[in-house]
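Structures given as structure tokens follow.
The same chain A turns up in both complexes below, where it pairs with chain B and then with chain C.
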Partner chain A sequence: MSNSLIANARVTGLGFVDRLVRDYSALVVCLIGLFLVVFIVGMATAPNFLTIFNFKTIIRDAALVGIMAIGLTFVTLSGNFFLLSMKETAALCIICFATSMSSGYGFEISFLLTMGVAIIAGAAQGALIGLGGNPIVVTLGAAGLLFGLGSWWSDNLVVSFRRPHGAEWLGTGSFLGLPNITIAFILIAISAECVLRYTNFGRQVYLIGANRAAGKATGHENFSMAIKVCIIASICSAFVAIAFSAQVSSAHVNYFSSEFGSSGDMTIMVIATVMVGGNSIMGGFGSTLRTSLGAIFISTVDNMMVLHGFNSGPRVLAVGLMIVFSIIVFALVRRGSRAQE
Partner chain B sequence: MSRIKNWVVENHDLAFAILLAVCVYCYFAFTNDLFATHRTTFAVMERFAVLGLVGLALTLCIIAGEIDLSIGSNAALAAVIVVRFTDSLGAVTALLIAVAISTTIGIIQGYFIAYLRVRAIVLTVGTLMLLRGVALFAAEEKTVMLTDFRVPDFITTKMFGYFSPASILVIFMFILVGIFMNYTRFGREIYAIGGARKEALAAGVNLKRPMIIVFAISGLCAGLGGVIIGLRSGTAQALGLQYLLLAGTVAAFIGGVSILGGKGGVIGAAIGTLTVNFLNTGLVFNVTPAFMVQLYLGVLLMVVIMFQTGSRIFDENQRRRQIISDVDARRGPLLARRQTGPP
Partner chain C sequence: MILKLSGINRSFGAIQALKKADFEIGESEVMGLVGENGAGKSTLVKIIGGFDDGYSGEYTFDGEPVRFSNPSRAEKAGIAIAQQELSLIPAMSVAENIFLVGDTVPFFATKKSLALKAKPYLEEVGLDKVDPSISVNRLSIGEQQLVEVASLLAHDPRVLILDEPTAALGESDSVRILEMVERLATNGKSVIYVSHRLDEIFKICHRITVLRDGISQEPRKVSEFNVHSLVESMLGRELQNMFPERMKLTRSEPLLEVCGLWSDATVEPFNFQVYPGEILGLAGQLGSGSGDILSAIGGASGTREGKIKYKGREFLPKSPKEAIKASIAYCSNDRKLDGLFLGRPIKENLTSPALGRISTYGLLNQGSEERLAFGNAEKFTVDVTRMGTEAGLLSGGNQQKVALGKWLSIEPNIILVNEPTRGVDVGARAEIYGKLREFANEGKAVIFASTDIQEITGLSDRIITFYRGMQIGEIELKDISATKVLEQITHPFGVQQEVKTA
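So, the complex of A and B:
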């Protein structure tokens, strides 16, 4: 009795620090602080850092990983950890899109076909997860399956299509001086945030992530939710695949693997973005806005390191350190808030 | 006969794994003349040397209710270190350094998982990236190579028909870990924190100790696996070996672990790994491209997970029905008495 009274008193009379800890805002403060530090260091040491062109580069670099990470944020928020099959879904989708484009179907049909493939892949994984399969193991298996399918379909070859094609506006076009892919990133970020904040579906995502038992008791099963969020994540993967394919007018299953990109494997980069942005991996807390900021943050650090001429080793190391740092801060903050209860 | 039947009923997971292994072996033995030969058995054992270690490590992690995603990166780091330092320090010293580093990484991971009370997947996805960065650093972003090829020759020497020094070491490791898991208190603690963590903690198990032991063994196995791969091929890549995670997980799940933890064992891990190796070797014999192997492994993992999830749902329904019928049975006489009224 007295314990609960004390607890109530603490809840009503929260101090500033308590509130920081309780709302997990400490992490955001940390992130903003780090961002400022990186920014100032970048400004002071790299001469080309503070140019408009460089900012555009940073955001454009953040866009592809950012869009995928926004999709994954839904999965994470709903308490289903993360999907290890993000890059493999993208690999299958990029093959699907390029094959369709090269065999003469227009952009619209190819787009819809690719989205269809993504929805099927997402729904299948979501159904297995929703039935109670562990998300990590299910998507690990799905990753092998999807990647194998993509390789089998393309015969492990590069699929390319001729240059004047219907998708060029998405890949290389720009609007008001901003690349279209950047605009897409901003639009997706805003709409995802609106969906999470102002729709029933968004609130259900938070509810199921924060307390699955409560969600079940109020009639929100994880089964349908898992399917929905996995489809969202897959669609975002497919969109990134299409945008990337439109940029380079070709496709190969390894485009998103670590052998191709310099800064590591796409799936891990996406998970890193979600984590560094300050979303709770256990679900129920976070937002896509944070994910977008995380993407821009990682991209800024990467950009600064590139300007200083670092190789890929230190850059991958930096991202790894950022993830581990964010995990540790998050866990410590959570322990702090647990101790209050 | 009845003894066999009892054994099968008691260890149905293991029986299923053995059946699957025999089926896969027989399929390839009948479809390909070259498969059931002494040389192929040697090749299978050579694969077993690496994948067995990873399967063993993942089996232990899953028994403890966690999963170590950083196993491929850890192995790649060990491979890079051993290949880089073999020329200057000698194979044995380089091997010891690499394995020591991997084990230390495992210990640190285990400590942080227990101390921060985070799920292992959360931390190990971070260390996956971190260790890859360290490996790139250690390899200076190149493919490192040995110059002296006496070591790879020694490691692949044929002994007793089917074995090489590497596979003998791995079999020895399996026996050691098996004894540790089954006959020591620490091993039982690992089962306890996987199967019923709250109860184990309430009973006085310190979460740190089993967690550190599990991840230390996992790091040791990953390091040893990486060392064997690195020394056997004489080259190492910082970004390589990422396929180990999928293959090892498939092996662990075929071997009968449950994602809920607390189930499975070392024998299962060995049989699961052998099944994956039969599949892998057999597919290579039938000239299947590498990506198809990945596809088959993915399908296999999905099927096993579907099977497990299905049986869990079935069990839950059964239990619910049991409870309802129990309640009905208890309420039956009560209702009857109420209807007839008090005597």
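So, the complex of A and C:
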């Protein structure tokens, strides 16, 4: 019996290349290939591309979108699709933080207050999704609600607070030559990956994402999961809001809607990052590491286009192309893996 | 003979589904086609209906040799097949559904003219009281089934195949189907009637063809059969070493008592006990409620009322999570739906219900995960060299072993299994039976529900029978026989007498 089993394993066991293809990793291979192409083109054509200063810029640009995307990755991996309220959560949080700072509460209190708001917003959306609400509808509704609250609270005005303030270390400070926000991005990326790989909770994220019904049957319910992942995504949004506000010493509800990042709209950029990283939209497959690499990739392409003097139109187009590309590769690879079954 | 097949061979890979099978049906005859699951009935039906032309052998229709390469050709020739799954469009009207496909669609029609055209077909199936212009979703499932047949009649077929038309129906709807078949036969149609319900076969069929392991038996008149002889010719194979030996049981306190547990899917509340060391078989056909009661005990489906008595407590698990906490494992009948994480590695599947056991303070312990997963895999002879591969890449038998084996990780006291070997080959079957027996021998208990008579009779220490949402009887080990079980799950209220008088 055991002999035949081993023989069977040899017949059906896959080689390294086959396994790469089967594990959707072709997407990663393609992205890395594309990344190299972009890199070489950048090196050859833009004289300032290959400088340490420029690399720091790339990662720094990737940081804010990347942190939010890491939070959203938990939602996507757990099979709860996307939160369309990422930028509105950030908008309410930035108003909350700046108002608190300008009223003279210190950084610590303002930080905790803002996180509290984010947790409530995340938990409420998570509970509705966990009860069976469609994630798109729920978070689209929540987006309006959160944005409206932020706008009302700030009278749609810029809220500013005076320098020097207690948050400057996060906004503009640096450590060993690296901006603190970059360090925060790296730390968050590493710890998120560890949580997914090595904790009970991380395993549940993958299991429920892979098959919600089987998750329920084995005692892992999506209700509490949806609440937890939405809180994680909201906390990441709030963190980005605080870091950004600390940088510019002010806040406005529209900070994340326009004049931010390459394409203006933060929610779309964040979703693009999750997808370009090669995470399964249906859940159960992917990692925050992929998301982080996706963020750096998008930022590299964007950086190169800036160096070549493209304005925002073509840069938005490039992000769109990257999303379409990743969807197509993903679908093709997926079909390939089905054929092998 | 209007339709005749002789020496039909059909194989799928290494499995030969039909071995020199013969089949025939005469004008205005009702021919029953019976056999166990996997005996080759559906393969034969597919060949007749033109869904499958990968066979060898002769097929003559109306005296002419034919070979249908697709269903629409068979339909043109005059062979119509009513599938188990309805193909109606619920939001459209009855008349529109009848003239939905093929050359029966009129070029121009108003709602009124369509309704008028539909009337005769509805009358033929016994739906003369139904307004053809109402939408199909307002009809009962049985009536929809009849509309489906009416839409086939619009093509004016000479041979009609009904594949388990009453499998999903209650008593009153089933009666209408049977009446329709009789009416069709008197109107000159030939009907091939496939069913597991032997009482129906006896009621309406003229002759019966029995298929066993892909081999057909000479069709014989219904009057030459009785229930016993029909069951015997359906089963009739030695299976001594398929099932593990039973241990001698001494009953003491029951391990679990089901007290008036009324599942949403059944007609009445159920009561039974299971004792330590016992394998209890719940026998019943599709829709009998035997599987629903298991998922109710396991907290996986809704219940109206009732409790279980277990470990000195009276309660009812509200979710699988609570059942798992109480060391009750429920393995569903659909492993693709909620039994496996197909895209995740085998290892993660095997430890999925027991994350608490392999983690400390929320951190997964790789070492104890490996130990737990490998231990379970070895017990169920799942190939341990492939622990990292996705569960979806395994064969059906191995998938079932993983789906079942994962429950050992919670060290359950009771395993509830709905259809332990659906879609599983013979070798893996014997292994699964062996493991369930081993588990019971440790003083724990297994309750399983199955529609497979061999499995029920071969594995159970005691059998409880179910029929259409009702609990019928209990069969002790010394009285277990396939005939007795089949009688209780197909016609518990003495249909045999009716058959005799008819």
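Keep this in mind: the second predicted complex is superposed on the first by the 323 of 341 C-alpha atoms of A that agree within 3 Å, B and C clash if a C-alpha of one lies under 4 Å from a C-alpha of the other, contacts with A are read in each partner's own complex, and residues count from 1 in each chain.
In the analysis below, a residue touches a chain if its C-beta (ideal position, glycine included) is under 8 Å from a C-beta of that chain, and two chains touch if they have at least 3 such contacts.
Everything quoted here is computed from the prediction, not taken from an experiment.
K.L.:
Following superposition onto chain A, is the placement of chain B relative to chain C best described as a clash or a fit?
P.N.:
In the arrangement built by aligning on chain A, the partners chain C and chain B clash.
K.L.:
So, A:L157: does it touch chain B (first), chain C (second), both, or neither?
P.N.:
Touch partners of A:L157: none, neither chain B nor chain C.
K.L.:
Of the two partner chains, chain B (first) and chain C (second), which one does A:N200 touch, if any: first, second, both, or neither?
P.N.:
second
K.L.:
Look at A:G284 in the shared chain and tell me whether it touches chain B only, chain C only, both, or neither; answer first, second, both or neither.
P.N.:
A:G284 sits against chain C, while chain B stays out of touch.
K.L.:
Just chain B (first), just chain C (second), both, or neither: which does A:A210 touch?
P.N.:
second
K.L.:
Between chain B and chain C, whom does A:G219 touch in the aligned arrangement: first, second, both, or neither?
P.N.:
second
K.L.:
A:G320 contacts which: chain B (first), chain C (second), both, neither?
P.N.:
In the superposition, A:G320 touches chain B alone.
K.L.:
Among the partners chain B and chain C, which is in contact with a greater number of residues of chain A?
P.N.:
More residues of chain A are touched by B.
K.L.:
With the two complexes superposed on chain A, say which partner A:L187 touches: chain B (first), chain C (second), both, or neither.
P.N.:
neither
K.L.:
Running through the overlay: 42-50, 168-176 or 258-266 are the candidate stretches of chain C; which one clashes with chain B?
P.N.:
Given the superposition on chain A, chain C and chain B clash at 258-266.
K.L.:
Share the list of chain A residues that count as touching for chain B in one structure and for chain C in the other.
P.N.:
Of chain A, no residue contacts chain B in one complex and chain C in the other.
K.L.:
In the complex formed with chain A, which residues of chain C make contact?
P.N.:
Checking each residue of chain C against chain A gives 300, 319-321, 324-325, 330, 332, 337-344, 348, 352-353, 355-356, 359, 362-364, 381, 383, 385-386, 389, 392-393, 406.
K.L.:
So in the complex, which bits of chain B are touching chain A?
P.N.:
67, 69, 112, 116-119, 121-123, 125-134, 136-137, 139-141, 238-239, 242, 245-246, 249-250, 253, 259, 289, 291-292, 294-302, 305-306, 308-310, 312-313
K.L.:
Sort out for me which residues of chain A touch chain B in the complex.
P.N.:
Residue positions touching the partner: 81-82, 84, 128, 131-134, 136-138, 140-149, 151-152, 156, 253, 258-259, 264-265, 268, 271-272, 275, 281-282, 311-321, 323-324, 326-328, 330-332, 335.
K.L.:
Can you name the residues of chain A that touch chain C in the complex?
P.N.:
1-2, 5-6, 8-9, 12-14, 198-204, 206-207, 210-211, 213-221, 280, 284-285, 340-341
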